[in-house]
């Protein structure tokens, strides 16, 4: 890079006079180039390894779950696992039907979603389209704190506050039920849903809103007819995240839902979920290596498969409805 | 042909009614969330207030509720969070940078991407199972600070990756082009520009991740965290050369949520107060972390406006 | 394209000032807008053309800190559309706008055009269909899209999208149409199409257009206002402005001596 | 380098162990570190048989599977009972009809055949009202559950499944105290701490015997049957070579009478502690059980049995 | 600003085609770039001006799916800078670029200008200081910023930012400077400043500028190429192009009959 222009005072100096790059300069540059390339490749490789570590984690999870649950499946056929209506691996009369846990998981998830999806979405719309800037900036982090409250606290909140309240309305409600666990879980998940969907809505470019307002639309019309559809893929991602959180939530259900694996779809009954079964056993008295102990890995595997299915649906939705502003 | 003005006005009045209705509904929903949080917090404070004295922070657990404290728990929590941050941040940021700035569009990166979103949805209890099998037994880390930190690091890895990607994406392409146009290599572009400019977003993501990790109970229970620990881990600073010791990584530990969980399941009602007080402290720790995040976001963003 | 018959006044801005926070972007603008004519706003970048245009449908209301001072009266009823007592939604229902970058909604072609009607509470399919067809025909895009009305609007080309946006604005029978550099994101062929379209539209609507392209202003408009640093330097018949401007600054700008 | 005693295992034994550990560390002025975890009896044995811990708390004797695991790893253990726990059957304070219950009545309620059938109080005893019967009990993976089913139904883990289960006994306390028709069982300590909210049911062991309420005295004199059970610590024989472990166990056995009472457990008779001390001193390894839980054995007898491995 | 002395060839594109994926944006472009002269590229929006300019520093390499076909030779060494064997980083070290919107890094003024030097491995403070001062002086902004070199570059006005970007590009002593509509985001005064600056710069550098503003091209350039739909319609002395163009399409465009 020596100054090729400084020594040429007039523009019509001929080529031959000036800067033919010396061979020494050329080879220096070449060497520099090679080391630069090497470093770049190295950096890229290291970064790739980091990105790949997430895949490795998933592999490790699946491997451990499969490895540990194989002994169970030697004992219990997959058909039995999926169709037996009873889950009593720890009882004398052991049954290994995962369905009661799955139903409990789905019902609590359903109840939670019926709280957090509408409320989360409404809050997101409110914050992104209605609330003044200041309100949004203060409320959002505050709301996110809800997600940081230890779930044990929520569990007791469900058991000691929410259930008695519900019992005032529904006198027949048992003291342990999926309804109150699900409701509280829903409240806990609200910030996950609202925060991510609000981000998605705010990413909708202003010119789309301007287009709508210019047609004489009100805020509500703009929000519902233009902003929400445009941000759909982001909102779907928020829902999927909410579902995953609900499916995997442990302590709230373990405390408030009654830990009773029954195959029921009624939210007013008590039940057990996959994850609460796992902590129960992890805390318990069971001899390790027993079939009952292996059952937690089988349950974990089921849980993993469920979240995987939800996430693949989510990924597909996201692809299908990718924002094209 | 054109609607009369009065007609238009009537129409607008009708539509605006829904604006008001929705604004009120939105506000109510917001209040439900906020009030629940405030209610919970107030309840915890009311219950825990008698315990929130200095010695609560400087005492070890005890069978006497008034004497019991959270010293080993908060120290444990901080050390575990340190490990978590030290592992999750470099790994997550590097992965985010790879996916956003380097990754070619092929099946492998597609898999990594699906996998990251999937991992974000894996229930934390499953991470506990992984850690039990892998860290505690296969790698023989035992029930140590290291195991817990690694477990939680894996748990928040997707959060860090996603936050990194989002904030990298917020850096305009013109900055990248400017750097390249001056002859920068890709890594120079990333390390000199894109990464520093997105640091506030990344930091926010890290803190959100950590505040999720700090309250996690289930996975730490699964790896079998201890509950009664009446001593502190080894000090990270040693008297001899090289003055830094990593022995604490292998030390047994307890963390705040575990201590809280232990207290809630005690027969003596007095211990419920301890649990509430521990809850207050835990929430305050999270609150403080979030405050730091907000502060940083505000201050760094003030300097950078695209 | 002449303005030989003395035209009717459709709207008029009177001593209009506009502030972005503390920054005064428009300084005492007084300007007539003639009925069924095209008025072009030209001037160097940043002179306030878009700012002025967006006052007409109260777009600035969307952002905090903006302030109007002065009047824009809209005839025949002579209402001051900038008055805080006037609902901006009402203004926008009477004056519609086409933006610089085509901004169709992520909906079907049909739903895009029907949007303004739905907002007005019309939901009868037959009425919608009729109006949509009419608007698309008027926007000279009906033939291209009639077989794919349920396609996503994003699948159209840039020029088609812009005509779709024009159709969307037409469908609600506005009294004035605002165009903010409607062709600056388009290729020459699409641009020519849109210019032709505007010439047709002015038979029925009053049009106000911002352009940074003087050739375009000369081609399509009846009246031209030259703005500079937030002020109207000169307003006149387009022909007059482009041949014998009164103000030397106008001349300098038009002949390319600055800008 | 550090003097460390590692303990894990049962949540039932935890309060006593914790109290001992606390006092021990006070006594040693921090020279020895003690850690106590809660992995449950089963989790504790898993670690114990891997040689990861020095002591394991157990609310039931070691089982065959676990004995094998220990044998394979070459781990010898000393079985030491440390206290009694009285399983307490509780009902709601508003329950005016139950004065006492026989073991047969309990069996009628809890046996697997009762599932879905016995749902009213009058189905158990016609003298009781037609009031819904709501059941609460520990999770099926707890030692308490095992012992209760063994003692009442006659077979460990044999129970009806339609009851509200929780690992957290406070949750059970909440359940029974809020449901007029509620009935539950758990460790004595939880009853003792919540005696205002709950009513303990006196138990009639066999027809003709008197109804006995759970209390320190009735457990100690052996009249509260069959629901009082011993709880144990298992000590790794190799760890005893470490002076701090030996010291800790000695301290444990010395303090157990006082500390178990303090945490609302029932101390063993003095003779039993003496026997336990001598067993420990002799390093008598193996279990007094055959790898199966037993109901109603006296601790003294147990300690004198030949240790099985 | 004439090109009376026959100039030296600094670079030359030879039958250059460029593809965005399947879309052929440049069609057989052959064009000389004369040393120490300003060559302007004009043409309607979307004709390929930016695309062509960005070939010169291999900016298209950043995005997947782009493909060059043809040559751009850079003198004196006559290397084909589009050859895959040539490292794009090397090309960018020899040919620097100023973009449409000023895009300073969110760093101090000093660090902005020093960045290109740091990338070259220069880190000695005294050298950096000297070079930064030189570049800022050449970009005619030294006096305005010399007392606030450690201020954030964002605190400068748009015109100052653009001059800072020019200084940044100058600091690395490029052989050619590319300007892509460098004034389109600026106000008239800032524009005038930059145009003046370019006139000075061409004493020492070869300049290639894209502009959609014909007046600007006429004012600052020595040679002008008129592009249309990815092809060069006409290349000639600027004077000639703006007075007696050979091609009727050029004339139409320049006189505003289309575009």
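Miscellaneous remarks
We call the chains A, B, C, D and E, going by the order they appear; numbering starts again at 1 in every chain.
Methods note: contacts are C-beta pairs under 8 Å (C-beta built on N, C-alpha and C of every residue); 3 or more make two chains touch, one makes a residue touch a chain.
Because the structure is a prediction, the values reported are computed rather than measured.
Counting only chains that touch, the fewest steps needed to get from chain A to chain D is 1. Set against the C-alpha centre of chain E, every other chain centre is closer than that of D. Counting C-beta pairs in contact, the chain pair with the highest total is A-B. Chain centres here are Cα means. That of chain B falls 47 Å from that of chain E.
Centre-to-centre separation of chain A and chain B, using mean CA positions: 14 Å. Remark: chain D and chain E have CA centroids separated by 84 Å (rounded to whole angstrom). Chain A and chain C have CA centres that are 45 Å apart.
In chain E, the positions touching at least two other chains are 89-90, 93, 120, 172.
The multi-chain contact residues of chain D, meaning those touching 2 or more other chains, are 11, 38-39, 43, 167-168.
Residue positions 12, 15-16, 185, 224, 264 of chain B are each in touch with at least two other chains.
Those residues of chain D lying in contact with chain A across their complex are 10-11, 38-43, 45-46, 59-60, 63, 65-66, 69, 112, 134, 139-143, 145-146, 149, 155-159, 161-168, 171, 174-175, 178-179, 182. Across the complex, chain B is touched by residues 36, 39-40, 43-44, 46-48, 50-55, 57-58, 60-61, 64-65, 67-68, 119, 122-123, 125-127, 130-131, 139, 141-154, 156-157, 187, 190-191, 194, 216, 218-221, 223, 237, 240-241, 243-245, 247-251, 275, 278-279, 282-283, 296-297, 300, 303-304, 307-308, 310-312, 314-315 of chain A. Every residue of chain C that touches chain A in the complex is listed here, in rising order: 57, 59, 62, 64, 89-90, 92-93, 96-97, 99, 101, 103-107, 115-116, 118-120, 152, 154, 165, 168-169, 172. Interface residues of chain C facing chain E in the complex, by the touch rule stated above, are 44-46, 184-188, 191-192, 213-215, 218-219, 255-259. Chain B meets chain D in the complex at residues 61-63, 142-143, 224-231, 252, 262, 264-269.
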